[in-house]
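Right after this note come the structures.
First subunit A sits with subunit B, and in the next complex the same chain sits with subunit C.
== the complex of A and B ==
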């Protein structure tokens, strides 16, 4: 197991390097190949007065006039060793991992991302708990009560949940429960350490809206898996041995169903940890998703690079955890 | 048993959610908390001409929100109108705009200075005396050196690239060129020779050539004093050192700014601002529609951007007499228009350009920009009504025949030797839906008289720097019509017209005179404006320049932009400051 984890960690590092190269190529190299030179790129960061002197100054300051491979090397070096930055009145050290400085705000990218992580974590994990518990529970009950009114109703509702986009359900939720009937007014992120109750209250709507989509998927997935598993021979054997039905369902039936659910859960959670973009934009939650949107709108390349690599990191780590969990869920994998 | 347990768990979850909803109070970050329309409203457009809810009541948290962020909170590095409006909370530049509604608010008055600049040396020297008892937020007294240093900062375009560059253009140059105070600090702090500080309360500016509008230039926040030992360069935006009624308590970049009263500020030194709320909170990057809904629900007080509500909220407001009575639709100071390039053939012929003036359907252009309320009033002049000296005229029947005059358009085509029309390109910003619609509408209208146009969309971030503002590109791509918008950096004719019509502003990149007008009458009038100190005489040139530009048909005015602003009933001292085209933030209070 240790060897397995170490091997996967090395693979993670290699993957992150590849992701950084691809992202760098997309935002730095491809525009050059399309004919945009560094001067034209620099004009975007000079505000309303793109005089030649101002553009050249920014081009030099942001290092845009260096060869692309050199810019990439500096970027990687800063992540590993950090870099120094001159603010004008002093030189500060940006410790590793240093993702550079925002082209727009001239502030270090990593602290901004770090301050956004708790928001995304709170949103993603809270919603994950709801959709996992809710979706799996509904899926189990639907499978056990196949063909009943509950089954048909819950699967119909799941279909609706899957079909409705988050920006729609989010806006409806805000309109009804924040403005019209202010049960959850003024939704904005409050950190857990500041006020745990307010933290939870302000996240209820985003959690439910985000979880609705995924719960629907997990309900259908669980139901399908349970139906297949509960018709297996070993389930009949377990019943024949006189085991209680609860033991048959949860210890034997659900456990076998969980493998694909764990796989997808890992991927979904990993993706969300990189930023639940639509939910964060809809509810104005300053997480990594909103950070990503701002970075792209501002064409702030260091921020785009930073958040892309962080998102990739979360996805890779989430999949690593999933792979480890397999061994727990499915003993056959251990051998 | 199983069913009861399941139902019990579900009930527990619902109860928890409702309990959370009850906990934590009615609002979580400030905001006045009460719903809109709870008190009698002053009436639609009331705040354009008078102060709504005048009051000196103190206390409360004034909450702003913005759907984006500011370019910078550093007063030396910002160019957004709303940002300049917000800086009045924490800065005192040498001059500022009088805090009063209507035309009164276009007057530039002393702020940190004791009076307007004293002009000597044939207009080349401007001397200001600053108030001796203005203090920074730490109690240290402001001196003229702090103002000089603030001006010096604007010369380093690598550190502060976003603000205007008027000082580097107007001040007497030195050799070698002044690089700003960040390179070789020991040598370059106080190294700007064109600005002298003979004593702690006097600052003297030496100009390269006479410039009668210099009082307006020093009203830009860049003259707000900055103590050199508190300057942190590109980090100064995180905590600008305050001389205004409020100071920074915290600034989470792109998230939230919190201001608290500056205990060293005195109302007697700064009559254009007030210190009424106990705290000011500005929330950045709030979803635009969510922001409007919170505004209408009373969860926040002001939309900081000041550019008006979105379409959904606009429909709600205009369809509700109560909400409409708490809203204002002022002219923002922006003109939306099309540059008619005077070099690209056959648009280089004035009659071809006049054909475009007559052929455009002004009503459809207005609709494209959002209609009479959200878009603006149909424009017949280049200068909007809130530019000093503006006079109404209508050379091309924009207001009398807003659907266009096709007969006259065809007649002008005859005169320019193109009786069957001609072909040209229309450039526009492709990520601005209104501008896209306006370009399409113009294309449709002009096609009726035989002017065939091709549409060329460009991203707004590089529209002026790489495309429309590059004359060579414009010529090579046959872009005879280029969509755009303009608002002046100061509200007189020179501030409005110079950058967009003066012949000497045509430049190979970053060009703002996109129609490439180089008319001797316009150039001469602008030069006279720059050299004339008498305001009445200077303002009289505005209408003359406007008329000449329109006679040359160099610009197709479309709408004097308007914004529908919602005025929270909880606000006091609310009125539209015409220079900003939005509410005057520096005097707001809460009931």
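== the complex of A and C ==
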């Protein structure tokens, strides 16, 4: 088990390096291969209508005229140890993990992102709890009561849930519960440490809207998995032992059903941690998703690069956790 | 002292489906004494598995219609509450299945799965149950049972898995053990070991055993009585000697002819039964076997028109066939003759 984890850890580190290479290549190598010289590249990092001197200063500061491998080494080093951007007399310090320095906001990228992480984290984890509990419960009941009114109704609802886009359900939810009947008025992020109650109350709508989509998906997945598991031979064996039906369902059936769902859950959560873009935009929650949208709108390359790296990091880590969890759950993976 | 443990009387198990009524079991009666073994034989779809699952209350589908009687130690199981049958399952009657790998839960250790069976029916702690599980594993011939108990099913070989299944089934000393094709998924070399094990344990526990199989070799080795099923009905029922030495039903003749034998030095050719088992929704009229039967034309059309009653052809030997005793003897002799001639012809050809 320990060797398994160590092996996965090394693989994860390797994967992160590959991710950094690809991201670096997209931002610094491909423009060059497409024929841009370092001066033209530098113009994209300055504000609008820059003077030639300002562009040259940026080019020098970012070291864009250095060979590519050296640039990549500096890029990696900055992430791990932080870096100083020097140009003539002016020095800018960018502390680790330094994903770059935005010349448009005149700040390092990371500190700007850090304040947005708790928002996305609160949104994603809260929604995840709701959809996991809700979706899986509905899926189990549906499977056990296959063909009944409950099953048909909930699966119909699930179909609706999967089909409706968040920006639609989100706006409807806001219109109904924030304006018409202000049960959850002015949705905005309040940090958990400031006021846990307000934090939860303001996130209820986004949670439900985001969870609805996934809950529908998970309900269908769980139902299908449960139906398959309950017709397995080992379920018949469990019954032949004389176990109570409750034990058969929850100890033997659910255990086998949940294993693949854990995998999908890990991936989904990892993906969401990189920014629940549509939900955040719909509810104007300033998390990583909204940060990304603004960065793209402003064509702020260092910010886009930073958020790309962070999102990739979350997904890779989620992958690692899923792998380890899978080995804990399924003994066949361990050996 | 022969004491009857299980009595099945006129058992019907029907499943209503969208395509029609599936008569999986249609009028089965037999009785089984403690310490005796009954072999139920038949092709796929003959209803032999459903019969055993019905006894255990494991036939799936809550819409199944069961009529008739199943009496276990005098207690009526047809119409008993689900909870009562559950209590009997695993304690008084136990079952082992065809494929031991898929029948064991992949995520729990073998020891835990056996201990679980003991825990449901006995008021003991986990430690006692675990000790018992290890003991059972040892008894079914698993080496180093204390360490192997912590292994998962995928770490066991096929034969060991079936041993573990047997250990699980026997962990509460059941009086009735049902083995549904216990050796089908195993290597030939392991098959004999498993059958020996079942035999030994039966002697030890003095339990009643039902072996369900399509392999007459298995039945010949273990059974005291044999029940041949066809299309959910009884074709022949009698002691093993009678059924093998004087088989009365043309279907049994077919089964015997299609079985390889090593006790006879002849180069006998295996004769398959022509055709396929009938659908249990549209069972042929009259004798369900008549479309495949060579002798259906000798009964003045009764095979096509009337369902044959079970008749006693010898004491305790029941056959459901319209052929008269004389006809049966004549055709049987004729068959033997044909076989001998055919093999003799092959041997001459082989020599030349």
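To be clear about the criterion, the second predicted complex is superposed on the first by the 279 of 335 C-alpha atoms of A that agree within 3 Å, B and C clash if a C-alpha of one lies under 4 Å from a C-alpha of the other, contacts with A are read in each partner's own complex, and residues count from 1 in each chain.
The criterion applied here is as follows: contacts are C-beta pairs under 8 Å (C-beta built on N, C-alpha and C of every residue); 3 or more make two chains touch, one makes a residue touch a chain.
Predicted model, so just to flag it, every value in this text is computed and none were measured.
S.K.: Identify the partner contact of A:294: answer first if only subunit B is touched, second if only subunit C is, both if each is, neither if none is.
M.R.: So A:294 only meets subunit B here.
S.K.: Is A:103 in contact with subunit B, with subunit C, with both, or with neither (first, second, both, neither)?
M.R.: In the superposition, A:103 touches no partner, neither subunit B nor subunit C.
S.K.: For A:183 in the superposed arrangement: first (subunit B), second (subunit C), both or neither?
M.R.: first
S.K.: Touch test for A:286: subunit B only (first), subunit C only (second), both, or neither?
M.R.: A:286: touches subunit B, not subunit C.
S.K.: One more residue to check, A:214. First (subunit B), second (subunit C), both or neither?
M.R.: neither
S.K.: I'd like to know which partner A:314 touches here: subunit B for first, subunit C for second, both or neither.
M.R.: Touch status of A:314: no partner.
S.K.: Touch test for A:24: subunit B only (first), subunit C only (second), both, or neither?
M.R.: A:24 contacts neither subunit B nor subunit C.
S.K.: Have a look at where A:171 lands relative to subunit B and subunit C in the superposition and call it first, second, both or neither.
M.R.: Only subunit B is touched by A:171; subunit C is not.
S.K.: After superposition on the shared chain, which partner residues are touched by A:243: those of subunit B (first), subunit C (second), both, or neither?
M.R.: In the superposition, A:243 touches subunit C alone.
S.K.: Using the touch rule from the top, collect the residues of subunit B that touch subunit A in their complex.
M.R.: 6, 17-18, 20-21, 23-29, 31, 69, 71-72, 79, 156-159, 161-165, 182, 185, 231-235, 237-238, 252-255, 283, 285-287, 289-291, 293-294, 296-297, 299-300, 461-462, 464-466, 469, 509-510
S.K.: Where on subunit A is subunit B touching in the complex?
M.R.: Within the complex, subunit A touches subunit B at residues 40, 43-55, 57-58, 60-61, 86-90, 105-107, 112, 115, 137, 141, 171, 174-175, 178-179, 182-186, 188, 190, 195, 197-198, 200-202, 204, 281-284, 286, 290-291, 294, 299.
S.K.: Which positions of subunit A touch subunit C when the two form their complex?
M.R.: Per the stated touch rule, the residues are 231-234, 236-245, 247, 252, 255-256, 259, 329-332, 335.
S.K.: Spell out the residues on subunit C that touch subunit A in their complex, using ranges where they run on.
M.R.: 56, 58, 60, 86-91, 94-95, 97, 99, 102-107, 109, 116-117, 120-121, 152, 154-155, 165, 168-169
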